[in-house]
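In what follows, subunit A forms one complex with subunit B and a second complex with subunit C.
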Partner chain A sequence: MRALSWIYIGAIFTFIFLPVVVLVLFSFQDSRLPVPPFNGPSLKWYTQVLNDRGLMEALTNSLLVALVSAAVALLLGFFAAQGLARIRLPGSVLMRGLLIAPMTVSYLIIALGLLSMFNDLGFRPSLWTTGVGHVVINVPLCFAILFASMGDHQKNAERAARDLGAGEVQVLFLVTAPMLKPALLAAYFLSVTFSWDEFIIAFLLTRFDVTLPVEIWSMLRSGLSPATNAIGSLVFLVSIAILFLLEFTVFRKPRA
Partner chain B sequence: MSIETTDKRRAFGFVAPALLWTCAFFILPFAAMILLSLAHLEGRTVVQGYDFGNYIKIFTEPSLLKGIRVSLEITLVVTVISVVLAWPLAWIIATRVPPRYQRLAIMLAVLPFWTSYVVRSYAWALVLGQNGVLMQGLIGIGILDAPIQIMATRAATVIGFVHFFVMLLTLTIYSNLIQLSPNYARAAADLGANGWNTFRLVILPLTLPGIMTGAFLTFVLCIGDYITPQILGGNNELTMPQLIMLQLGRRGDFPMASALSVVLMALVTVAYALSARWLKMERV
Partner chain C sequence: MTADVTLEGVNHRFGDFDALRDITLSFDAGEFVVLLGPSGCGKSTLLFILGGFLEPRSGTVKIGGQDMAGVAPKDRPTTTMFQDYALFPHMSLRDNVGFGLRMKRQSKAKRNARADEMLDLVGLLDKARAKPHELSGGQRQRVALARALAVEPEVLLLDEPLGALDLNLRRQMQEELKAIQRKVGTTFIHVTHDQEEAMAIADRIVVMNAGQIEDQGRPEDVYLRPKTLFSANFMGDINRLPNTLAKASGTTAACVRPENIGLSGEIALGDATLESSAFFGTYHRCHFRIAETTYVAHLPIGALPEPGATVPLFASNPVLLEMPE
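Right, the complex of A and B next:
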C-alpha cells in the first residue's frame, strides 16, 4: 500500500508538472520550434520578448488593470463585509447572495453582458471597461474572504474604540484593517492574480490597448514559437516569486 | 433616532457601494442580455422583439444542439475523471505524508496553477502535438511506431481540463479530509470493517461535501470555458462557449450569442440545484 501510494503520487505529479517542464525547457530552445529535439540552452527568445514593445506594453497594461481593479474590488468588498458582518440588516441574506452571485456565472457571460451594455451606452472597449469587468468578478471574492474572517473579537475591539471616542474612519483604518491584515492581503493578491490572468473579459472589452493574456493569445495565432514559451515562463516565474514572498512573510505561522 | 437605527443606516451605507456596482455592472447587463436574446438579426442590425426564435433555433438546429451535447459530455467526463484522480492524491497527502511536509506537498501539487491559463493550454498543445514531447517520447522508447492524433480532438480538450481541475479538486478534497478525525477509521476497524468497507461506507461519504464543492466548481468553470477547447480541441466539434464566440465574431449576432449564454446559465443553475444539498459554502 505504501509503495503504491508513492507510485501514484509520482505518476500524478508527472502529469501535473509535464506541461510546465516542457514550457520552461523549450523556452531555452535554440532553434525555431519548441519541440524535440532540444538544442540549447539559449537565451535569445528571452531577449526577443523583453525587447518586444507590444508585449511589454501589454504587460504594463495588465499590471495597471490588475493593481487598480483589485484595489477597487478590495475596498468595495471590505466595506460590504464590514456592513453585513456587524449588524443584522433586513434583507441580509439577499444582499449576500447578490454580492456572491457573479462567482457562479461564467466570465464569458459577464463579458458578453457588459459588452452589449457598453455598446448600447456608446462606450468604446478600453482598459477601463476591462477594469470594470475585473472588479465585477473580484468583488465576490474579496467580500467572501473578508466576511468569513470577521469575528467577534474584532467586533469587540471596534466597539471599544468607538467607546473611547474614535470616529468611523479611525475605527475602520486603525482597528479593523490592521486586525484583518492577512485576509486583506490574501484577498488583494488573489484579486490581482485573477485580473492579471483573466482572458475572455479582456479579449471582448479591449480593442487597441490590450492586456498580456490577449497579446499572448494573438501570438498563438501565428503558430508555435519558443517566444511564447519565454513570455509564459517569465509570467510563471513572477507569480511563483510573489507566492513565495507571501507564504514566507504574511502567512507564516507565528512560532509557538 | 435610536442608536440601532443609526447603526443600521451606517451599515447600509457600507454595503451600498458594492451592491450598486454589482447591480450596475452585473445584474443590469444580465437583464439586458436576456432581453437581447428575444431580439433577432435583420441583415446586420438588431431588431428588438419578444419572440423565442433564437431559443427554438438552439433546440432544433443540429449544429447548435450538438454544441450543448458536446459541452455537457466534455464537462461530465472531465468532472468524473478529475474527482477519480484527485481523491487518492488528496488522501495520500492527508494520511501518508508527514504533517510537517503536507503544506509543501499541497503547494507543489497546485504549483502549475500559477502559470497563465492561456499559456497552460498552449503548453499542452506542445506536449500533445504530432512532433511533441509525448509522441516523440513514446516512439523513442518503442511503444509507438508513428505518432497518433491527440491534438485537435476531444481527448486533448479533456486532458487540458483534467490537468487544471485535478489541482482544484485536490485542494477542496484535501481540506475536507484533514478535518476528519482518524477515529472514524479506527472505529470502523474496531467494528470489523475491512479497508475497502471503511473507505466505501465511512471515509468516502464524509468527504462528499469536499467532492461536491469541487465538482460543482469544475462543472461551472469547465462548461463556460472558451480557451481550452479553442486551443486544444480543434474545430471539429464546438462547445457552447466556442459557438457563442462564433456568433459574435463572424456574424455579429448578439441576440443569438445572448440566447446561447442564457441556455448556458440555465445548465449551471440546474447543476447547482442538483448539488446544492452537498454544497457547504461556509457562512456565505
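Right, the complex of A and C next:
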C-alpha cells in the first residue's frame, strides 16, 4: 500500500512537472532544435535572449503592466471590500455578486468587450489599454480575497482604535492595513502573476509595445527554438521567485 | 480622572424594535455601575450610546456636564473595553496599551513609560514585548483593560468583558476589576447578564428589561427589596406567598427569597413535605410542598429534615411586589 502511494505521488509530480523540466532542460540545448537528443549544456540561447532588444522590451513592458495594474486592482478591490464589509447598503448582496461575476467570464469575452469599447471611445490599443484589461480581471480577485478576510474581528479592532482617538486615516494605516497584510500581499502577488502570464487580453489590446507572452507567441510562429525555451524558463523562474517570496514572508506561520 | 454621567429621556430604535425607551439615569463620578439584564434588554445599546458608537433617536447624554450630541467616540472622555477585547494582533502589548497615547501625539518614551505602568497595574509588565496571540483569555482581558485605562478616560465602559472567561477566572477578575477601579477612581459602567457578577462588583446595579429600567440601587437593595417582580426574579429565586398569609391584596403579592424560608420565622406557612434537596456547599437547596404550592428554601448545613418528612415551614422578610396581569 505504502509503495503504491509513493508511486502515485511520483506519477502526479511527473505529470505536472515533466513539461517544465523538458522546457528548462532544452533551454540549455546546444543545437538549433529543442528536441532530443540533448547536446550541451550551453548558455548560448540565454545570451541570445538576454541580448534580444525586442524580448527585453516586452519583458519590461510585462513587468510594468503587471506591477502597476496589480496595484490599481488591489486599491480598487480594497476600497470595494472595505465599503461593502462596513456599510449596509440596499442591494449590497447584488453589488458583491456583480463585483465577483467577471471571474466567471472568459478572458476572450472580456478582451473583445474592451476592444470594441476602446474602439468606440477612440483609444488606440497600447500598454495602457492592456493595463486596464488586467485591472478588470484582477479587481474581482482582489475584492474576493480581501472581502473574505475582513471579519468582525477586524471591525471590532477598528472600532477600538476609533474609541482610543484614531482618525480614519490612522485607522486605515495603523490597524486595517497591517491586520490585512497577508491578504493584501496575497491579492497583490496573485494579481501580478495573473497579469504577468496573461495572453489573450494583451494580444488583442496591444499593438506595438507588446507584453512578453505576446512576444513569445510571435517567436513561436516562426517555429520551435531553444530560445523560446530559454525565455520560458526565465518566466518560470520569475513565477517561482514570487512563490518563494510569498511563502517565506506572507504565509510563514508566526513563531508561537 | 472621573466624571458623572446623566441620561435624559434617551430613546433608541433598531428598525421597528424599541431598544431603549425613555431612559433617564444619572451616575456619580467614580461610581462602579453595573447595567444588568437579559440579552436584548438594551444594556449594550445604552453602553454604545455612551461610547458614541450609536446616536440616540432622542434624548440627551451628558458626561461631566458636557452634552455629547454629535461627539465622535474619539473625542469623548470615554473608552470601551470590548467583549472580544479587540486587541491589535500585529502590535506588542506595549504598543497596544500605548496606542491611545500615540493618537494623542505623545512621545514614544512617554507613552512607553505609561504603557509599562499600566501593564504593571494589571500584572503583565514582563510580557510587554509579547503579541496578543501569545496570551491566555484572562491575560488578553487585562491588556484590554490596561489599554482602555492608559488614556485616563473619565468614564470606562465595559461590554460584558468577563463573558468569555471560565468561572474561576471570572470570579478572580471581578475582584481585580473592583480593586483597579478603586485605585484609579474612574467611573466604570459595566454591562453583564450575570447577576452574581453584578452583585460582586457594583456600587449600584441598574436592572433593565425590554429597553426600560426596572430597578436600581445598591446590590443589597436590589436583591432584598426589589421594586418589580422582574427585578426580583432576575436577581435570584423567589417564592410567592398566598395573599391570605401576608398583608397583600389585589394585584400585589408577597415574595420571599429562598434563604428567608426556613424552620422558624415570622409567618407560619403550615406543614410542608420535603420533596427533594441538593447540597450546595454552604446550604441545602430544598423543595417543600404545601398542598399545591412548592417553596424553594435554602436551609443551613445540619438543618436538613429527612426526605419526605413533614415539618412546619416559616417565612420572613417578605417583599410586596406588583403582579403584572
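Assume the second predicted complex is superposed on the first by the 256 of 256 C-alpha atoms of A that agree within 3 Å, B and C clash if a C-alpha of one lies under 4 Å from a C-alpha of the other, contacts with A are read in each partner's own complex, and residues count from 1 in each chain.
The working rule: a residue touches a chain if its C-beta (ideal position, glycine included) is under 8 Å from a C-beta of that chain, and two chains touch if they have at least 3 such contacts.
Keep in mind it's a predicted model, so treat the numbers as computed, not measured.
After superposition onto subunit A, the partners subunit B and subunit C occupy separate space and fit alongside each other.
Contact with subunit B, but none with subunit C, is seen for A:I109 once the two complexes are overlaid on the shared chain.
When the shared chain is aligned, subunit B comes close enough to touch A:F17, but subunit C does not.
Residue contacts after overlaying the shared chain place A:R159 against subunit C, while subunit B stays out of touching range.
Of the two partner chains, subunit B is the only one that A:S239 touches; subunit C does not reach it.
More subunit A residues lie in contact with B than with the other chain of the pair subunit B and subunit C.
Here's the short version: in the overlay, subunit B gets within 6 Å of subunit C at its closest Cα pair.
Shared interface residues of subunit A (contacting subunit B in one complex, subunit C in the other): none. Taken together, the subunit B residues at the contact with subunit A in this complex read 4, 7-8, 10-19, 21-23, 25-30, 32-33, 36, 85, 88-89, 92-93, 96, 107-109, 111-112, 114-120, 122-127, 129, 131-133, 136-137, 163, 166-167, 220-221, 223-227, 231, 241, 244-245, 248, 254, 257-258, 261, 264-265, 268, 272, 281-284. Those residues of subunit C whose C-beta lies close enough to touch subunit A in the complex are 51, 53, 72-75, 78-80, 82, 84, 86-90, 99-100, 103-104, 131, 133-134, 147-148, 151.
Put simply, subunit A touches subunit C in their complex at residues 152-153, 156-157, 159-167, 170, 174-175, 178-179, 181, 254, 256.
Across the complex, subunit A meets subunit B through its residues 2, 5, 8-9, 12-13, 15-20, 22-23, 26, 33-36, 75-77, 79-80, 82-84, 86-87, 89, 95-96, 98-102, 104-110, 112-114, 116-117, 120, 132-133, 135-136, 139, 143-144, 147-148, 168, 193, 197, 199-200, 204, 212-213, 216-217, 220, 224, 228-229, 231-232, 235-236, 239-240, 243, 247.
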